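In what comes next, subunit A is part of two complexes: it sits with subunit B in the first one and with subunit C in the second one.
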Partner chain A sequence: MTGVRRNSCDVAVIGAGMAGMAAALFAVERGLSCIQIGSGGGILFASGLLDLLAVHPVAERCLWQSPYTALDALAGEQPDHPLARVAPVSIRAAFESFVTALASAGLAYAPLGERNRSVLTSIGTVKTTYGVPVTMVAGADALDGRARCLLVDFRGLREFSAHQIAATLADRWPELRHQRIDFPGFETVPELYAVHLARALETVETRERTIALIRPLVGDARAVGLPAVLGLERSREVHAAFEAGLGVPVFEIPTMPTSVPGLRLLGALEAAVSSHGVRRRHQASVRALTYDGNMETATLDLEGVPGGERVTARAVVLATGRFSGRGLAADRGYVRESILGLPVHQPASREAWHKRDFLDPSGHAINRAGLRVDDAWRPLDTDGKPAWPRLFAVGSILAHQDWMRSKCGSGLAIATAWAAVEQVAHRLGATAAG
Partner chain B sequence: MNSPSLIQTQVLIIGGGVTGTALARDLALRGVDCILVEKDDINAGASGRNHGLLHSGARYVAGDREAAMECRAEGEILKRVAAQTIQDTGGYFVAVQGDDERYIADFPSYCARSGISARAVDVATARALEPAISERTIAVFEVPDAAIDPFRLSLESMAQASSLGARLMRRSRVVGFEREGRRIRAVRVLSLGGGTEVRIEAAQVVNASGAWAREVALLADAPIAMTYSKGTLLVTHTRLAHRVVNRLRRPGNADIMMPGGTVSIVGTTSTRVDTLDDVHPTTVEADLIVEEAARMLPTLATTRFIRAYAGVRPLLGSAGAADSRAVSRGFALFDHEDQGLDNLATITGGKLTTCRLMAERAADLVCRRLGVTRPCLTATTPLPVSPECEWTAPGHSAREWIRSHRPDDTLLCECEMVPGSAVDAIYAALRSAGDTPTLTDIGLRSRVGKGACQGGFCAVRTVAHLYQRGDFQARRGLGEILDFFGERWRGQHAVLWGEQLAQAELMEALHCGLFGEELRGAKPLADPTADAADAVSR
Partner chain C sequence: MSPTLFQISLYASLALCALGLLWRVSTWFRIRIGPDARVVTASQRVAALFRGAAAALFTLRVFHVLGTLFLDVLLQRRLYLNDKLRWLGHLLIFVGFMALLLMHALAPVVTVKLFHGYESTRDPYLFLRNLFGAMMVIGLALFLFGLWRRRTVFAPVRRPTAAAFMGLLGFVLVTGFLLEADKIASPRAFYRMAKQFNGTSDPAELKPLRAVWAREFGVAFDDLKEPIAPEVMEKGREMHEDDCATCHAKPTSAFVSYPVARMLAPLVGLLDAGGADVWLLYLHVFACFLGLATLPFTRFHHAVAAPVGLLVNGAAPNREFSAAGRASRRALAMDACVHCGICDTHCSVAPLARYLGNPYLLPSHKLIAAGELAGGRLPRSGEEDERRRIAEGAFLCTDCGRCTDVCPVGLDLEDLWQAGCDDLSAAGLPAPAQWVQARPTLAWAESMEAQPWQQDAGHDARYAPLSADRRSFSRCVQCQTCTNVCPVVAHSMDPAYGVDLTPQKVMNLLRLGLRDLTLGSRMVWNCATCYQCQENCPEGIRVADIMVELRALAVRRLGAVRSWRAPS
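Moving on, here comes the complex of A and B:
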C-alpha cells in the first residue's frame, strides 16, 4: 500500500483520557519517544479534582481522611485492586510529576499533602478528593471551618443554584448565604453556558463589572464561592483578580459536566504532553494492532488520519478506558476488549452486571470487570500469560476496581500509568531511541 | 388519640388508572359527586406500564371475537372524543416465513366477521413504507390500529372531573372497610405522605384498582378470583416505524412494536406472577423480546434500547389455565351482591382501549343504585384539552417551546426539550390541587427523564430550577434526585449493553464518581486522623 504514513516510536500510548495522558507524560519524562493516539476521553467530564482514594471498602461506604492510610487498608484487604499493586512511594512521585506538569501548563494545584480534602459540589453534596486546583482550595478551607461564606450564582446558568447548595447544607453549615446576580453583558440571554462566562471573564472589563456587582453583597462573609467560570486558560489571573477585588478568598465550585475545570484540565494536559514532545494523533483511533514476525515490534493501524497511518512501536500502553471510553464493548451477553479482543474478567451473565438499585452499596459488578494484568501491568491472555511481552494496560480498563464508588479515578489512572511506564522503561532498557 | 377525620361523598373510587379516572369523569358528567383515592399517583399501575396500543381489535379476532368487537367500537369512539390523546398511525399485521399459513389465510375473514377492516398490502409496498420489517415477510394486512397516550388520557379525564367538582387524593391508600350489614359504612384511607388516616363515607364504593382489585376486595371480605400476568416492554432510542407493527399470528411473545412519539416500544411477554410486589423487567425477558421481535423486525437485533418496564394484567377466570394469554382479557364488573354487599362494585380486567366502556358500565350500576337517571355522556362529549396535561406527549414540548419561546424561559431537558415553563405549569396545577409536587410527579406529567440520559442530567437541572423558584427547601433536592433517578435506573438495568451501557456508565460517573450521591448518610471517616470537622461531609 502506498501513501500510508509510517512512523515509529519507543512506546505508543493508545488513549488520551487521564490514564493515557499520564502514561504519555511519564514516558517522555523517562526519555522514551512516544506517539499518543486518541481523543479527550473522560477528562472533559471531570471536575478538575484529582481523586486518589476516598472510600474503602465500597460496600461499607467508609470515607477516609488520609488516602495513604486508605491505600494501606486496601492493600491488605483487596490485593487485586490495581492501586494496591502500586507502591505508595510511586504514587506520591506520580502525583507530584503530574501536577508539576499541569502547573507548567498554567493549571496550578494546591500542594499535595497527606490528607484528602472536602469540597462542595454543585448539588450540595460534599466530595472527598485529593488534588484540588488553587481556584477551588479556599472552598475546602471554608468548609473545614464552616466559615461565614457567600455563594453567588448567575441567572440563566441552569444547573447551578447557590440557593440549592446553601439549602442542602443549611443544617450543617448555617453560615452559608447565597445570592443570584445577572452576569454583566448577558442580562437578556436566557441560557448561559459556563464556557461563555469563563471566556467573558478573561476580559478585564467584564471581570471588573462582575466584581463590582458582587462586592456590595460580601458583607461579613469570610469567603465567596462561585460556579467554576473564572477564566479558561487564564484562571489563575482571573481568580487572583476576584480575590483582590473582593478582599476575601474566592473559590470555584465545579458545575455539571461539561464543565470549565474539565476543559482546563484537558487543555493543560494537551499542552503538557505536546510541550514534552509527545507526538499526538488526537483525531485518530487504532483500528488494528499486529506484532511483527519475531515479536519485536507492534504495528498500529490508525484511522481518522488523512491517508491513514502505521505506527511501529517497541512497546504499547493500552489506556482505552471502559465502556464510555470505548476500551470495552458489550453486546447482550458478553464484554469484549475492543482492539485486540483480550479476555475480559467479567460476571458470568448479564443478569449479574447491574444491581436493580442504582445506589446499591456494593456497587455494580460490571464496574469491576476489566483486564487482568501480571505484576508488570501486562494484560493476560486466555492462557494466563502476557498477551505480548511489551503490551501494558493502565487506567480504568483494569479489572478489580470500581473507581466511581472508591473515588479513585485520577489516582488509578496516574498511579498505574506511572507503574506501567516504569516497566516499559525497564524492558526497553538503555536502548531507548530517545 | 384523635379519631381519624371524616370525609363524605356520594361515590368513592379506588384506583387512579385509566378506568378510575374515566369513571370519575363519567360520574362527574352525570352530576354525581365523587372522590378518587389513589395509593400512588395517576397511572401508577398498568395504565402507566402498557403498550399504548389503541387496539383495532384485529389481535383478538380469532381467539376472542367479543373482545375484538369491543375494541373496534371503543377505538372508534375514542378517536372521535379524545383525539388529542391519539396518533392515528394505522397498523400492519406482518407474517414472516415460518408463520402459520392457515392463520394468515383465515385472518381477513376473521376480521370481516368482527367488522374490522383489514386490507391486504403488497409486501414490497409495505417494506417501502416500513423499511424496518423483515425481508422474509410473506404477508401484510393494514388495520385501523392507533397509538394512544394513556397519561394524557387519564390526566385530562381527571382534570375535567375535577373541574366538575370531583376530588383526587393522591398517595392515599385504602387500608380497610367498615362493614355494617349489607353496606360499607366507611372506607379507611391512609395518607402515605403524613401517615394520617381518614375515613371516607360514601353511598357507593367502586373498586377500580386493576390488578390490586383482588387485594382491595378482600379487605371488604368480598373475594374475587383473579390471577396475574406480568408483561415486559422495551423502549428503543429512536423511532423505527411509523405505524403499529403486529405479528400476524395467534397472540404470542414480542408481537407488537408501537410508535411512541420519538421512540418505538417493543413487547410484550406474559409470565404468571403470584404477587404484585417487586414487579420489574428482567434481562431474560429483554433478551426474549429482542430475539423474538427481531424475526419480524431484524433491525431490533442491533438497535439501541434505552429502557424497559413491566406491568401486570389482572386475569379473570380459571387460575389453572396453562397459557395466561388464553385466559380472558375481557373486563368484569362485580356487584358483590351475592357476597352480601349492596354498595360495593369492582370493575377490573379489560384494556386501555376499553376503559371508557368499563367506566360506563360501572357508572350505570352505581347510578342505578343511587337512583340517578342521567345517561352516560362520555361516548359523545369531547374530552377537553387541559394545557397542563399536554407535556406528556413526545415532541409536544419542543413544538410548544419553540412556538412560545419567552425570553426568560430555559430548556431543562435537552434530549426531550422540556422548558422551565412546562415544569412551572405542572407544578402550579398540582399545587392548586393542594399537593406538594415531587420531581417524580413532574416526571410522570412531562418528558423529563424520558430521553437517552434517563434523568441523569435533566433531573439535576429540574431540581436546581425548583430551588431557584423557592419551591424546594432544605435537603429535599438530593433525595428527590435519587428517588427519580433510582426509579429510572430500575427500568434501565435490563437493557444495559452497547451504547446505552456507555451512557449509563457516564451517568454513574457523574452521580457517584463526581457527586458521591451514594454516600448520603455514610459512615464517619475510618482512619484515626479523622476529626470533628469531617462531620460536615455527611
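Moving on, here comes the complex of A and C:
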C-alpha cells in the first residue's frame, strides 16, 4: 500500500445526503474530528423544505398540524419507527442546530415552532412540512389566511405554471390571481431553466427590470408568489430586494426537482460542513471496511481519491441511504447492504415486496426494509448483536419507516443523526476517559 | 593522404556547410505560419531578433539565458525529466561526439595547443578516444533500442535525413575503430614507422623490436612463430625504449580497438596487401566531411537549431514576443523539432488518433503538416481526403498544452497549433465543428439513415467506451441538473443559434439507443467541456466525457455520410 494517503479521525461518516451531512455537522460540533465520504448529489432532489413528520398513520393519510403530537402518536403505535426512538427534546435540539448551521452558510429558515406549515407546490397541491426557508414562508402565511395573492410565472419556464396552481386551488383560495411575464433578457429564448434565471437575478440590473415588470401587476395583492428562482448563493439579498421593490411580502414556490432550493441546500450544507472542519472526500467511495483485532478502530479503504486513501476511524456512521443512494442494493429476490453486507430487515419473499395496487395507501413492505439497530443506533448482525461496537447507522437506511409517505425524510435524517452522534460521543468519550 | 586533397575537401565541406546553414537560417525569417506572420516582413523579423537578443543579453535576463544554456542545452534537463533512458543515450552521443570533435578531429588546433606532448597513440588520449567512441556506440544502441521499444500504431515521423545522419555517425565510428585496429595489427604500419624512427625496415635487424611489438603491442607478424629467447626480448625492449616509447602507450588502453585488432589478426596480411590503412582513413575522413557538408540538411541540423530554440525560449516567454518574433519562432520550430515523438506519447487525443486512424492528430505529424502548409505544399484539392485529414487532426486538438510541457526542445507548440488552425481556415479547410454545424441535426439524421453505419464490432467498445456502454448513462433520471448548470445552454439566447438539445436530452437519446441523432447536434458541438454537468450530476454520470466522445464519433460517422444529399 505504498503511496496511499493515510489519515485518521474520530468518526468517519459514510454518506453525504441529509443524514450524512447532519451527522458530520453534529460530530464536529461535539468536538469529534470527522472525515466524510460520499457525494452530496442526492440533496439536489430536495425542495429546501425540512419535513419532520406530517402523515401518520400512512394508510389513513392523516395530516398532523403539530409534528410533535404526531410523534407522540407514532411512538404509541409504531415504537420500532426510528423517529419514535428519539426523544422530542433531542429532535428540537437537532433541528435548531441544523438550521443554525444552514443560516451561518447563508440559507436562513423561518423560526421553528411547534407546528407544521402548509406550503404550495408547483402543481398546486399543498404540502405539510416543518422547516421553511425565509424566502418561502410568506407563502405559508398567505395560504393560512387565504389572503389576496398574485402568482407570477415566466414564459418558457415549462416546469412552473401559475395558472395551473391557481386553477387547482380555485375552490379553496379564490383570491389567488396569476400573471405570466417575459423574463428580462430571455425574451427570445424558447425554453427557460430555473437555475439560469436564479443566476441572472443575482445581477442587480436583471433583478430591477424583473421587479419593474411585476410592480404594475401587484394591485391589491397582499403577497406575491414566484417560482423558486430568487438567486442561488445570495437568495436572501435577492428576496429582500423583491420585497422592498414590490412593497408586499414575496414568497417562492419550489419547482420540480432538481430545483434551485435543492442547489441552495446542497451548497449551504457543503459550505457548513467544510467551515466546521469536516474533511470531505466528496468524490470518494468506500471500497472496503475492516475492523482491527481489538475492535478499537476501523480501516476504510477509499477509491475515487487519486492514489487511494486509507482512513483509520474510531467510529463509523453509516448514512448511505437506500436504493438511489446505493446504501441498499437489490437483486431480483433479495436486498443487501452495500458496503458490509449487513443483514437487511426485509419481506420474507419477493412476492411480499409490493402490494398488488401500486398506489396502495398503506405503502409497500419493501419501503420499510432496512437496517435494524439497537438502542445505541448500532446495526444488528444476524445474531441480533451489534455488528461492531462502534458502527452506527442513521437516516433512510434504517428499517421500519416509510419516509416518503410519512413526509418525515429530513426529520428522520436529522433526528437519527443527532441521536447516533450522541452515542458516538458518549462511547468515544468514555474510552478516552478510561 | 594527400594534404592538398585533404585541405580542398575540408574547405569545400566547410563552404557547403556554411552556405547550407545560411539558407536554413534564412528560412527562420522567411517561413510564414499563421495570419499574424503574414503581416510582418523578413527584415522586421531580423530586426526583432536583434532587439530581442539585445534585451536578453544586456539585462538581468542574461542570467536566465545562461541558466538555459547550462541546464537545457548542455545538460538537456527537459529530456531528462521526460525520458531518462533517452536522456542517457542522447547525452552519451552528445558528450562523446563533442569530445571526439575537440580532442581528436580538431587535435591540431585544439589538443596540441592545450596539452604539451599530445600524441594520439599515447595515454590518456588513446584510452579517451576509445572511451568517447564507446560512449557514442552505446548511445546509438540505446537510440535504436528506444525506437524498437516505442513501436506504436503510428510510428513517430521518420525522415530520411534522420536515418542518413544516424547512418553516417555509425559509419564514422565503425571506420574509426577499424582504422585504429588495423594500425595496431598491421605489420606494414610497423615497418613504415620503424623505417622512420629506427632508420631501417629490415625484418632481421628489427627482430627484437618485432618480438616485443608482437607480444605486447598486438602486431600480427606471420613469421614469428618460434619461441623467442628472453635476451631477444630484453634487446627488443631497449630498442622500444629508445625509439618508440615516447609516442606509444600499450594498445590495451584502446579497449575497443585492441580486441578488434586481435580479431583482425588472421586477416591482416590481406588487409595490408589491399592497403586497408589508406582506404579506411579515406572512408573515415570523407564520411566526416560528408557529415559536415550535409549538416544543414540532415538531423544534425538540430544541433544548431535546438540550442537556438532553447535559448530563445530562455530569453523571454512567448507572450512577450512581438508578431515578428513569434513568426520567426514558429519557423525556427520547424528546424528545431527532431521528431523525437515524446509529444505524441503525451498527447491527450492520441486515443482519438487511433480511433480515427488519423496520425495528423499527433503533434509530431501535425508539425510536418504545418510546415508544408506554410510552404504552400499542402495537398491540393485533388487530394481532398488528405486535406480533410490534416484539418481534422488540427481541429480535434483540445489545447491541453501537454505537448508544449514535455517538448525536450521547449517549443511553444500550442502557439504553433493555433497559428496552423488559422492557416487551415484561411485555406478553406474549416474545423469539423463548422462543417458539422453547417447542416441541421435532422439533416444529418437523414443522411445517416440513408447510409447505415458499417463498422467492425470491437470499435465501439474500444474507442467509444462510454456512449457504447449502457451502464455509463442508464442511471440518468432526467433530473435536468446538467441542463440547469450548463453555461452553454444558459447563453444560448438566440434560438436560431442556440443549442438544439440540452445535455439531459443528449443523455436521453443515448438511453433510447438513438446515439446517431446526437452526433450532429449543436449541444455536442458547442459544449465548452467545462465539466459543470459532470461535477453536479447526482448520479455521477460522466456527461462531459460523453460529449467529447460523441464529437469524436461524429467526425467519423458524419464524415462518412458528408457527401450524401437528399434526393430531390
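The working rule: the second predicted complex is superposed on the first by the 427 of 434 C-alpha atoms of A that agree within 3 Å, B and C clash if a C-alpha of one lies under 4 Å from a C-alpha of the other, contacts with A are read in each partner's own complex, and residues count from 1 in each chain.
One rule holds in what follows: a contact is a pair of C-beta atoms (placed from the backbone, for glycine too) under 8 Å apart; a residue touches a chain by one contact, two chains touch by 3 or more.
Only a predicted model underlies this, so the values are computations on that prediction, with no experimental measurement involved.
Asks: Which touches a greater number of subunit A residues, subunit B or subunit C?
Replies: B
Asks: Examine A:G41 and indicate which partner it touches, taking first as subunit B and second as subunit C; both and neither are also allowed.
Replies: After superposition on chain A, A:G41 lies in contact with subunit C alone.
Asks: Who does A:D144 touch here: subunit B (first), subunit C (second), both, or neither?
Replies: The answer is first: A:D144 touches subunit B but not subunit C.
Asks: Just checking: does A:D171 make contact with subunit B only, subunit C only, both, or neither of them? Give me first, second, both or neither.
Replies: Only subunit B is touched by A:D171; subunit C is not.
Asks: Contacts for A:T258 in the overlay, against subunit B (first) and subunit C (second): which applies, first, second, both or neither?
Replies: Once the two structures are laid over each other on A, A:T258 reaches subunit C alone.
Asks: Considering only the touch criterion stated at the top, classify A:R234 as touching first (subunit B), second (subunit C), both, or neither.
Replies: In the superposition, A:R234 contacts neither subunit B nor subunit C.
Asks: Which partner does A:P190 reach: the first (subunit B), the second (subunit C), both, or neither?
Replies: both
Asks: According to the stated criteria, A:F160 is in contact with first (subunit B), second (subunit C), both, or neither; which is it?
Replies: In the superposition, A:F160 touches subunit B alone.
Asks: Which partner does A:R61 reach: the first (subunit B), the second (subunit C), both, or neither?
Replies: So A:R61 only meets subunit B here.
Asks: Which of the two partners, first being subunit B and second being subunit C, lies in contact with A:H354: first, second, both, or neither?
Replies: First partner only.
Asks: Using the superposition on chain A as set up above, list the residues of subunit A that contact both subunit B and subunit C.
Replies: 42, 45, 188, 190-191, 257
Asks: Using the touch rule from the top, collect the residues of subunit C that touch subunit A in their complex.
Replies: 479-481, 483-485, 489-490, 492-495, 498, 502, 536-540
Asks: Touching subunit C in the complex: which residues of subunit A?
Replies: 39, 41-42, 44-45, 185-186, 188-191, 193-196, 199, 257-258, 263
Asks: Along subunit A, where are the residues that touch subunit B in the complex?
Replies: It is residues 42, 45-47, 55-56, 60-66, 69-70, 73, 115, 118, 121, 123-128, 143-146, 156, 158-161, 163-164, 167-173, 180, 188, 190-191, 254, 256-257, 322-324, 326, 329-332, 349-351, 353-359, 361, 364, 366-367, 403-405, 407, 409 of subunit A that touch subunit B.
Asks: Help me check something: in the complex, which residues belonging to subunit B touch subunit A?
Replies: Its residues touching subunit A are 280, 282-284, 286-287, 290, 407-412, 457, 460-461, 463-465, 467-468, 470, 472-475, 477-478, 481-482, 485-486, 489-490, 493, 496-498, 501-506, 508-520, 522-531, 533-538.
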